[in-house]
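See the structures that follow.
Next come two complexes built around subunit A: one with subunit B, the other with subunit C.
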Partner chain A sequence: MVAYALRRLLGAIPVILVSTFVMYALVSSINDPIAELRQSCPQCDSSAYDRLNDLYNLDQPIPQRYLSWLGGAVTGDLGVSTSMGEQEVAPIFWDRAKNSALLSIPAALIVIVFSAVLSIYSALRQYSLGDYAVTGFTYLGLAMPTFFFGLLLQVFWGIWFQNWTGLKPFWTGGLHTESIGDLLSSVALPITTLVIISLAADTRFGRAAMLETRNADFIRTARAKGVPERTIVLKHLLRAALIPMVTVWAITFGTLLGGTLVTETVFSWPGLGRLLIFNGVFDGDVNIMMAVILFIGVITVLFNLLADLLYGWLDPRVRYG
Partner chain B sequence: MGESAVTEANSRPQAMVEDVAFGDKPQSFGRQAWKRFRSHKLAIIGIFMFFSMVLMFWIGPAISSYEFDEINIVDRAQGPSSEHWFGTDDLGRDLFVRAMRGGQFSITISVVTGLMAAALGGVLGSIAGYFSGTVDTGVTFLINCLLTINSLAILLVLGVKFQMTPLTIAGLIAILSWYRGARVVRALVMQFKEREFVLAARAAGASNLRIIKGHLLPNVAGSLLVEATLLAGTAIILESTLSFLGLGVLPPETTLGTLINEAKGSIDTNPTRVLIPGGLVTLIVLAVNFVGDGLRDALDPTHELEQ
Partner chain C sequence: MNKSTLARLLAMVMAMALVAAACGADDVIDDVADTVGDVAADGVDAVGDAAGDVADAAEDLVTDNDDEMSDDEMSDDEMSDDEMSDEEMSDDEMSDEDEMVDEEVAAGASGGTLIWAHEQEPPDMHLDDPNNNLSVTSWIRSALIEGLYGVDGSTSYYPELIDGEADVVSNDDGTVTFNYTLRDGLMWSDGTPVTAADVEYTMDINLEGCDFEAEESGCVYLRGDRTGYDLVTEYGATSDTEFSMTLTNFFAGWKGLLNEVYAAHAYGADATEVNANLPEWANADGVLPSSGPMVFDTWDRGVSMSMVRNDNYAGSVSPDAANNGVAYVDGVQINFVTDTDAQINALKAGEAHIVMTQPQLAFGERLSTDENFTVASSAGPVFEHWGLNLLNDHLADPLVREALAYGIDKTEVMAGLYTPLFGDNLPAEGLGGTYWMSNQPAYIDAQKVYEGKQSDAAKANLEAAGYSDSGDGIMEHPDRGRLTLRVGTTGGNALRELQQQIIQSQLAESGIEIIIDNVPGGAYFAERPFADEALAASASGGAEGDPTIWDITQFAWVGGPWPGGQSASYLGGNGNNPYGFNNADFDARAPECDATVDDAVRADCYNELNRYVTTLEIDSETGLFMIPLTQKPSYYGYLSSVLSGAGVAPDAQGAGPLANVVDFAFK
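What follows is the complex of A and B.
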């Protein structure tokens, strides 16, 4: 299995290289600091252009620039930002990554617990009122755009609830770290938004997995032998049905770590998503964009691999080829 | 996620078991699928919702006396009234007509993306599954690359520089998401190509193209259709997110996401301006997903759950 993991990791390297190169070529051909300087500062002399060329190697062709960027990125040097006063990108990136993790890690843990509970409940009481409620929630959660759900939470807690009760229990935007209470009340709504969207997908999958297992032959056998229902659920059903769910959770974890773009935008959260969208895309900052894109790519690959490994580890029937 | 195979076949026994008595007239797969689809309540509700929205989006602007880009400063920023059913925006444009216009785009984008992604994924997936070896390695590599690329990031990068039309957005989303259909088709074709009917066709001298077209594609078409439907739903959400971030189509043209983006500043005074377009996006995706689920149960009774 170690050999399999290593082989998969090695196989992932060219994938990361090609996809980051494509992104690098795309963003650097779209964003041209020289042309921008020419437009914003027509009276600038050649020393200004030389300085830009020096900083970002703009006189080199894109593949060469990509290679020097990659060389830096591998050693932890993510280059210099164009939009944020020529600061180093790496410290900004890690700072923002911490803020994103503040949302994504708790959200992922909540999703894991709740999707397990909801899918077990739903499957054990199939076609009950509670099951219909859970299924209805999964349909709604999958159909609602993230930003719309975030806006709804903001309207409800920021305006309506305040109008009714005069209280405003949660911050509806930004990261506030003055006290533990402030921190908790500023993460509450963005985490809820992240949870709802992922929870819907995972619960839907989990319910189907539980139902599938519940109707399997070995459960019928156990029941026929007179095994108590409680033991059937805990020892037979859960152990088998959790295997596919664990792999889905690994992927959810990866998606949440890399994909809080929209939620962070709605809640003005100073994390990687906002860094990518506002400083990277809107301000045309290639090094900022590439730092976040590389991070998302690596996280996605690692957690997909983790999902496959977990599956094989938990289910002895799976053999790696 | 090729290995995680959880069949849902047992979970809906009432839809799977056909009540066919021994002496009954045999039924084709298509007829049985249609019967299963018809008995799937949500799918019928989904179809009904989808087509009533199509009707509303295309007929609504015709019965309204306003144009979607007709500016009327005197009536600006009004709430819903009998004159302006959904109210007006900051330039006094009628929001009912604008919401209908946005709905037209969402529907168009979902249908075009679904069709294009299904075509791309079907062709590339079946080629990869059929001719293993170098072709398969190449397509699998492409699929893996697309997996690591965040679609929203690429759309944002392009959207900031180029003005998008609904068709270019649909095309881009299709190019970024065909791999999901391709994975399903590839796996199925790899199973089917070893089956006797394919071997028989090959023994009879059928060409590769003929085997793929005549024997393999019909067998994977159902799963591909299901995948395309689910993709159509994702495309609507992706497009509305893009325009919510202000990177959609060129004004005065509008989409549902653009309407939410324009209205989010006045959300505390006039929340209906956000609720109506947001609700419409949710309803369209809901309808499309209902139909997708119905199609899955009807066409692909032994399908594998894909993440």
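What follows is the complex of A and C.
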């Protein structure tokens, strides 16, 4: 299995190289700091342009700039940020990644646990009132745009609830770390938003997987042999149904870790999603963009690998060649 | 239909009903928030007081309902008394009200932290960083550091650190000397006196490493905008409070030089060190000391920045400031809230007190009608304009350019853009100049003759130029073809795109077809008017480069107390002039204007320059290649249930909500 994992990791390197080069070429070609300076400061003299050229190697062709960036990236030097006062990107990136993880890891864990529980319940109680409730909830979660649900939570807890009760249990935005209570109060609404949106899709998928497995021959055989229902569910049904769900969870986890733009924007959360879009895309900060894109690429590869490894644990028939 | 299908359908209907209910809830939210009274004053800290607030709110609600009832039952006379505006009130009544406000402000001088929600975060605090031209940085710095001159709400200079106007001496050799005397009692926030040595040090830093002949970088002015500083020949402190500076010749923007004075003992030993300290506003010992009303405190990137009151502040002498002492509030916290609705929610939840942002419909819809908020606006310094490519076959003809001016109704454009936000009380009209803004004393609307939509005049112009109707209402020329012009800007700005659409519709009535040709993201300028090929064409009159890359460009510029910098975009020899305008008289006149000592004469001179570019009066062949359109209104919202309005004033100079930070006070 170790050899398999290593082979997969080695195979991922060209994928990451090609994807980062394509992204680098695209983002570099659409950003032209020199032209922006010409527009915003027509009275600036040539030294201002020289300064920009020196800072960002603008006089070099894009492939050469990419190689410079790549050389730095593999040694942990992600360059300097053009949108954040020429600060090193690496510490900014890790700081934001930590903030994203404050939301994404709890959210992903909650999603995994609850989607498993709701999927099992819904599949085992198919067409019951509870199943309809879960189905209704999943439709609602799937239909509700993230930004709208986030804003609704803000309005409910920040304005309505406060007006009704005089209490304001949650911050409607920002990361507040003055105390544990403040931290919990500031993560509650964004995590809820992430959970509801992701849980709906994963539960729907999980329910379908459970239903399909529930009707499989080996489950019927086990039941015919008199295996207790609890054992059938926990040992046979769940294990088999988890295989497709692991893939979905891996994607969910990776997506959440890579930053969730909308949720972070609505809740003014200083995470990777906001860093990528506002500093990277809007401010044309190539190094910021590349750092986050590289991270998302690596995370996606790692979680897919993790999912593949989990298949082998869940299904003994799977062998790593 | 079997039972399971029916059940699934029912579940779907339930889900859709919930979504619909949620979507409709927004209005209900507003209704509830509007009717319930005061929101907690100071973020989550106010939770403890909130129960009392709710009780008060219930009382307010009852009172409001009573008022509404009695209004309905009142006679017309009684109604008119009630509706009497402030302007109709007698002076006595007004002064009584003023006293009450003053008392309120005095009572609120106990402190509190003012929270400002803003969508942009400074990249750093180094305003002269080539990547940092964000207004928010200068807004924040305006609360931290002062200069020899400041800019007031009418976009005029006032002596800030100096004791009255500087003494200007024209020397026999043509040089001009400016003598400044600092105000008494000025002090840095760390207790060190502000002296003329600080002014001299600031000039040292500004000029250090700048070899203007060799065009080497190394100055603090990294952006390379050295206008004015390159004229300095001599400077120095002549006493603790006196400083003098000599320029090779008079420079109209001299009051803008040294608009910030650095502390010699703290900002850095040399320019390199200052460059290193400014971005984080800190040196090795801690934060940089302030001469303004606030002191920098902390910056949690992506979240917030905070400042605390400068208790050594000597007081504001701005004509706009009501408070001439230290700030009433204990400090200011800027929360970086990127989403518009989230900003509004933060205000309504009491997590922010003020907002100053791009005019957006959501603010009008959700805040303007809320009694807990006061919304203020004024014509801001940012103005939109159309720049025409004189190398375009159609636009090279002055009759066509004039037809464009005739066909555009700027008042209608303003109304179309901002009526939903400001109602009938639009804070600005269409703009008629690119030098002075409409709220500056020297402003003259050079395009007054084109006021309103004059489609007939536009068509007459086009016919005189040889155009005729192509059959679908759009004019065409036998040689130049159909009168189709592309207008481009940075895509994604909804207001700007709406403006384009309104003008597109207006010009269609004049037989001019406008095609909107925006480019998303930051690529527009590089691909269109400021592309190398386009600039080469402009510089060579079309002999080199590609003059067909763009036809009309639309973007915004910022006006200011010294508009002379605007000329750089129009000078024939300037590589950053994309319009193809090359007029030797203008090139000669522009520096003459800048060298005119008398303020009134100089103001007229800039109006003359404006006529070169916005009319055909002086240059009948290549004039009128600029069509200024609208000044973007500044927009403020503040939680009037907890804040006195003293700190919030219409802000023509765009100095931001902290320009009068000394005046903010909690009720």
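The criterion applied here is as follows: the second predicted complex is superposed on the first by the 315 of 321 C-alpha atoms of A that agree within 3 Å, B and C clash if a C-alpha of one lies under 4 Å from a C-alpha of the other, contacts with A are read in each partner's own complex, and residues count from 1 in each chain.
Assume a contact is a pair of C-beta atoms (placed from the backbone, for glycine too) under 8 Å apart; a residue touches a chain by one contact, two chains touch by 3 or more.
Note that this is a predicted model, so its numbers are computed, not measured.
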item: Partner chain(s) touched by A:30 [first = subunit B, second = subunit C, both, neither]; value: both
item: First (subunit B), second (subunit C), both or neither touched by A:136; value: second
item: Touching partner for A:172 - first (subunit B), second (subunit C), both, neither; value: second
item: Which superposed partner A:281 touches (first subunit B, second subunit C, both, neither); value: both
item: Subunit B versus subunit C as contact partner of A:185, first or second or both or neither; value: second
item: Contacts of A:148 with subunit B and subunit C, given as first, second, both or neither; value: both
item: Which superposed partner A:159 touches (first subunit B, second subunit C, both, neither); value: both
item: Subunit B versus subunit C as contact partner of A:84, first or second or both or neither; value: second
item: Touched subunit A residues, subunit B compared with subunit C; value: C
item: Which of subunit B and subunit C A:50 touches, first, second, both or neither; value: second
item: Footprint overlap on subunit A, where subunit B in one structure and subunit C in the other make contact; value: 30, 126, 139-140, 143-144, 147-148, 151-152, 154-155, 158-159, 265, 281, 284
item: Touch list for subunit A against partner subunit C, complex; value: 30-52, 55, 81-87, 92, 95-96, 99, 126-127, 132, 135-137, 139-140, 143-144, 147-148, 151-152, 154-155, 158-160, 162-168, 171-175, 182, 185, 265-268, 270-271, 274-275, 278, 281, 283-284
item: Residues of subunit C touching subunit A in the complex; value: 3-4, 7-8, 10-12, 14-16, 18-19, 22-23, 25-26, 29, 32-33, 36, 39-40, 44, 47, 50-54, 57, 123-126, 129-133, 215-217, 222-227, 279-280, 300-304, 335-339, 341-342, 345-346, 348-351, 521-523, 525-526, 529-531, 535, 555, 565, 568-569, 574, 576-577
item: Subunit A-touching residues of subunit B, taken from the complex the two chains share; value: 1, 3-4, 6-11, 13, 141, 144-150, 152-154, 156-158, 160-161, 233, 237, 240-241, 244-245, 257, 260, 264, 267-268, 271, 274-275, 278, 281-283, 285-286, 289-290, 305, 307
item: Subunit B-touching residues of subunit A, taken from the complex the two chains share; value: 12, 14-16, 18-19, 22-23, 26-27, 30, 126, 139-140, 142-148, 151-152, 154-155, 158-159, 205, 208-209, 211-212, 215-216, 244, 247-248, 251, 258-259, 261-262, 265, 276-277, 281-282, 284, 289, 292-293, 296-297, 300-301, 304, 307-308, 311-312, 318
